[in-house]
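Take a look at these structures.
First subunit A sits with subunit B, and in the next complex the same chain sits with subunit C.
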Partner chain A sequence: MRPEEQGIDVAVLVSVGRHPITGRARRADQDARGLELALGLERQLPGSRVSLLHAGPCAEESEAALRGYLGMSAGTGLETLTLLEQAEGSDAIPALAEHLAAAPPQLVITGARAERGEGSGLLPYALAERLGWPLVNGLAAVEKIEKGVATLLQALPRGQRRRLKVRLPAIVSVDAAAPVARQSAFGPARRAGIEATPVPAEPDRELAAWQLAPARKRPKRLKIVKAASARERFKAAAAKAEGGGGQVLTDVTPEQGAEAILKLLKEEGVLPRG
Partner chain B sequence: MSEIVRRDPRREWIARNRLHPEHASVLAEIGGGTAVSEWLGPHGVIRKNPRAIGFIGPNGIKRIDRSGAQQGGQAAGAARQAAQDSRRKVNIEAPAFLVAVVPDMTGGRLSGHDKDLLGLARRLADADPERPGAVLAVVFGEHNRERGGELKEQSFGEAGIDRLLHLDDDAYAGFAPEARLAALAAVERELAPRHWLLPDSPLGGADLGRRLAMRLGERPATGVWQIEADSEAPQGWCCTARGAAESLDIQRPLPRVALALAECAEPVDETRHAAAPLSLTETIPSAFSRIEDLGQVAVDPAGVALAEAEFILSAGNGVKDWEGFHHAARVLGATEGASRVAVDDGFMARDRQVGATGTWVTARVYLAVGISGAIQHLQGIQSCDKVVAINLDPGCDMIKRADLAVIGDSAEILAALLAKVEQQRGGQRDAA
Partner chain C sequence: MLETLLPILIFSALALAAIGAMRRIRLWRQGRPAQVDLLRGLAAMPRRYLVDLHHVVARDKVMSNTHVATAGGFVAAAALMILVHGLGLANPILGGLLLAASATMFVGSCFVARRRRNPPARLSKGPWMRLPKSLMAFSLGTFLITLPTLGILPAGLSQVMGHWILALALAAVLVWGLGEMFFGMTWGGPMKHAFAGALHLAFHRRAERFGGGRSSGLKALNLDDPEAKLGVEKPADFTWNQLLGFDACVQCGRCEAVCPAFAAGQPLNPKKLIQDMVVGLAGGSDAHYAGSPYPGQPVGDHAGSPDGPIVLSPTGHEGKALVDAETLWSCTTCRACVEECPMMIEHVDAIVDMRRHLTLERGQTPNKGAEVLDNLIATDNPGGFDPGSRLHWAADLNLPLMADVQQAEVLLWLGDGAFDMRNQRTLRALIKILHAAEVEFAVLGTEERDSGDVARRLGDEATFQSLAKRNIATLAKYRFQRIVTCDPHSFHVLGNEYGELGGHYEVRHHSTFIAELYEAGRLAFAPWKGGGVTYHDPCYLGRYNGEFDAPRNVLKALGIEVKEMQRSGFRSRCCGGGGGAPITDIPGERRIPDMRMNDVKESGAELVAVGCPQCTAMLEGVVDATAEVRDIAELVADALVARPAASGDVRAPQPAAEEMTP
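What follows is the complex of A and B.
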């Protein structure tokens, strides 16, 4: 590391997760991955400061879950979590936006979506729109940060990656493609402090008006057979999977066959360039 | 004249019953102008014309169906020809409102998710038959032709699109949410659609939809999987959406912007729509972008999980030159797969097996080399888009499934393919 490289301020927004089977409060998986990314950044850029931010009620159950994040801080500079205290069921976005605008960090990392409540994944987008910052979703890694410009790797479906350059300050959201979070240690979690500051909050009336129910299984789509006669119905039921109307090249030289295949591969755009 | 065919069960029964006294006359009546195959001769003997029996089947071969269902076979054949193209044409001239859809268009064509979403849009648009709305699709970038050179307008029309706004500009290529958002905001200003529908998919729809909702100042419904008419809701619809990491069902009124999951509705399959091209009168302001796309990064194809690989080169019993096969996979940048035989014989690792007992793959292009296509293997590649087969046997099942099949020696064809790819890369390097 060269001495002129400056560390940056990173704020990690964390939420209270929900264990998918037991339903207990825990550290949310994606948020923990976000914190892991931030701690990796701290190692990569000495002098960086990581801060944890949560908006929500201060209850016993949620505190235990939030301490799960603090337990990841062993051996790092992270010691406290800032809790913007609100009543249950209030809108977290105005409080978070105000807090971030008051002391803007250079990078805000969040999970893609919450594991409780609406879980719509809108929070990073709402913050980006309010603060006017660029937003990158599906972050896989931060390659480097130089002169206020971050080079990031974005995860695409099918294991692909895309390299992006983003001007800071920016908001990034992480999902399952980010590095797996380290274990949470009990001792550091107990010793770390939670700084709670009450903030004014408005209840989320729209959410309260909706009907929430445990997810029921989605109906499986049926194969609709539109056949007039019994013979057609039988054919539809007994048919093998067939592409139908495929092109078959017989009696061609290997060169001609290869040409046809190459044309298709190019049309689909699967060949790597270069 | 009406198209409806009136049936007379009694006459049909007589036509089936060869011993009925009125059989010949009824047959003659049903057969219309065609020759009668059986009649009572002048001496009271039944005469038959064997050449008048039966009908010409779809392959041009004469078929005889003795069940009685095929009386007047030629006419039925013609009716079936017409049934091939039975989609009702719909042209909505003056729509009461617009339903805007922004499909993902992965690989330049409408995905299954996009088609489901368009089906949902049609439900919203056609709810009131007196005042139908039009479905507007906003498509960014290039789009490919469907298989067999089918015209793109046709595939758009068959998916249920009435108006097509095609924005083809370099600014929208790659990851360009700000430019796309500026274009959608211009659409909103000029056309003001009543509904905005986007796919809630990681391919871009989920990201763009949330950005759009925030720009329009709406609180969108995400993960929508069902909609129902509801007269009390402001838009006339209520929806069921997944929330809280798929563990909650949220019932709420349908907002203006909705992000829907796959299989949210049945795709359109009975009508064909106009897909009339549309353009914006105002020029879209070019967005100042703080995100720069440096392009995709080369990923080691061997490290990509087989189930989500995009391009798979798969080997079967017909492959003899394994060194050449591995080399081909490296040059083409493909993930390697194998059939059960190749795995059992120890040429490939067990985790590379494709099929019912191995991995169910979802590749966009599946290149099968020397695989005959056992039913278990074909099950495993059900959801692949394009299947290319190289095989010696022109009668095997893989050839029937394949979109492109080349009959010949796999090693020679692969070598020729590699030579062509390398030649082109060399040419590009020289040009650069």
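What follows is the complex of A and C.
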């Protein structure tokens, strides 16, 4: 058997989630989907090793939530979670990047966005930048991994899929398009180990300066339907939400692209006009 | 010649039986340890056998008389035979008794034979078909060999009896009888039920059930040891007395006849399940099972061993283990099988033990199970509703909150039906009744959580205990005399299952409480003007808690004459809503609630009174039903009239009494 087929090392970055209704700590939905994807890979490529990685404080509430991921390990090789112990409010990115660079896995899977804290969704990008690895977002499936190249299926809006070939190591992020996470079982969750390693905390000064408020639903642009007949109304309801005034820019310089984005932001009132 | 042969035969049969007994006991001892008072159990055993077991058997009069004659005759004949023929005490009194005993046994075995001529489907065939012949061989053989001993045969016949061919034939018949009755008893023949059954009754895990007691609450799982494996993965994970209980099964199939899942064509047959556990504890395949299979599954595909998994884990890919997970998840925990079992085997305990493993260790609760459990963990209710909205339905009712009043006569436990629009109607009706009777009550409001019933039946003991402990802590903050609830599941869990975790309460089902209020003269009803009414006993009120009368008394007080369904009272058929069955939703050929509504139709009633939110939901979900579904509280609330003036405060003139139905 060629070494490429002997399985790969997958690291799954997991966070402490937050239930949307009660706000209780839980396994984050997207991160759990990421772990599900990794466990699926473990079955697909025998010999693969899945490791769980979390950077954050070691508290009782967060531990219960992290054990939620370990509860998915029944019948798999997963046994422990590596906790890079940091004080609350520290920047997780340097710690994660350092840990991943020290013993690089072939694939890093993470959720697209955390359920608490900043939740900006920038972590995978920042990590990819630091490590210099390619990043694929919105992953739906890993089709195969051969000779250090992964064939991935990326989810696009409205159920579309795009097949991508990516050279490993790479970072992939998953959102609601990835397979639903399996049930978390109490027994394995309780037995599994959490290996805590204190890491130098780098306080996230910018975050400390922020003011946090509960998120509001983003306003949606109303679709004005001017339909005379039932058929037109049906077509309007079933049609894709058209961007309308959008434009596709191809083969432009970064400056031109930035110019176009700035112009749009000003038009939308995100940036002051002038 | 027989005189020398008989003691040899008897004592070698006894010796073989003893060896078999040791082997069988070793099989049972593979199980986990259990706290059982052995001596007290053994001392109580004859009473349990003769009284408690007989009560259950006596539901079928012919069979119970048959059993008394056969079993009583056998025990007496066997004991006397050892004395007379084994030890040679040819005393005429003993001999006479032996003749009488074996004759009684013979008569009994004739009835056994008669039942086996056209056996109902629920009875197992196979080796059980030869049992009446074996019983006859034993009783007839014993009778005949005793005649010459007593010398009551005419001289001529005595000589014939002494003839070696006849003696040999007699000896052969006797060997057959002894083989079945002594050897087969401990080596796994049909008579095993007598040996294992007697010990099972002695070492039963719910000794409270004997002597008219009731014990239906599930036993708590010890979660203290983090390294311990949770639930039952393999047959040896049952406690030894559970294994013994499985081995006691007589395969009479009464459980099969009452099982709603079996009737619905779901892959569960309680009898087969117990027999599969017996296969598991001895090791082997189910190919020798001679009763009805799990619906839709052929016999012979499954095999297991004491230390092999009962349900195949999905990583094992192909093949089959002892039972399929669907079998375990088909059970509605209605307890009809337990109620009906003449051996008092605890099927539901065993099923929940195995479910605990699937949920807590493997994370394999099927269908919506995982979602419901996640909701219970995150929001304290199975529907995933905002716990803060628990009292939204009662925004206009100004319900007194326990947090405000601190103490009340009655704590009204709303249950998760508070989130369900149908059940909110029942709750409103109940509150109207409480107001009418001027009951001082309060609710926990948003402090209330799910009782943990569904989590526990789905095998998630951890979530159950977490919910229970938090509920107990909440309840401990307030003073109240009793809890009243319209949900029999909460009623059962609060009343029977919180005790083990430190919560002891006096709990009333609303039907019981309404009956008490009526008897105390605190409620008055207008006469019933509707059509025929029948009453559906909820499993968790009836079989689990023995409350059959109060709802009927309430209906009677309303002026309703209940048209009983054929299966009512302790034999009531489940609505299909218990045990998380609607959540795990194992497909069958029919739906359980459809069958129940058919029972209602056969009773001729136009309305079925219920007393459980689950039953209401299940029965109302039946398409093209011939009867309406109403909770008892709704019927009572509709019939409420002002009480006849007791102290001069007449609120309304007595209406309705003179009204005529058009």
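In this section, the second predicted complex is superposed on the first by the 210 of 274 C-alpha atoms of A that agree within 3 Å, B and C clash if a C-alpha of one lies under 4 Å from a C-alpha of the other, contacts with A are read in each partner's own complex, and residues count from 1 in each chain.
Just so it is clear, a contact is a pair of C-beta atoms (placed from the backbone, for glycine too) under 8 Å apart; a residue touches a chain by one contact, two chains touch by 3 or more.
These numbers were taken from a predicted model, which means no experiment stands behind them.
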Partner chain in contact with A:F186 - subunit B first, subunit C second, else both or neither: second
Which superposed partner A:E60 touches (first subunit B, second subunit C, both, neither): neither
Partner chain in contact with A:P134 - subunit B first, subunit C second, else both or neither: first
Winner by number of subunit A residues touched, once subunit B and subunit C are compared: B
Subunit B versus subunit C as contact partner of A:E255, first or second or both or neither: first
Partner chain(s) touched by A:K165 [first = subunit B, second = subunit C, both, neither]: first
Touching residues (chain side subunit A, partner subunit B) in the complex: 18, 20, 113-122, 125-126, 128-129, 134-138, 151, 153-154, 156-167, 170, 175, 206, 209-216, 218, 221, 224, 228-229, 240-243, 245-252, 254-255, 257-262, 264-265, 267-272, 274
Residues of subunit B touching subunit A in the complex: 69, 83, 107-108, 144, 147-148, 174-175, 177-178, 202-203, 206-207, 210-211, 213-215, 219-220, 222-223, 225, 242-252, 263, 266, 290-299, 303-305, 308-311, 332-334, 364-365, 367, 375, 378-379, 382, 385-388, 390, 394, 397, 399-409, 412-417, 419-421, 425, 428
Subunit C to subunit A touching residues, read off their complex: 226-227, 229-230, 313-315, 359-365, 369-370, 373-374, 377-379, 384-387, 460, 462-463
Footprint of subunit C on subunit A - complex, ascending: 19, 21-22, 24, 26, 71-72, 74-75, 182-188, 190-191
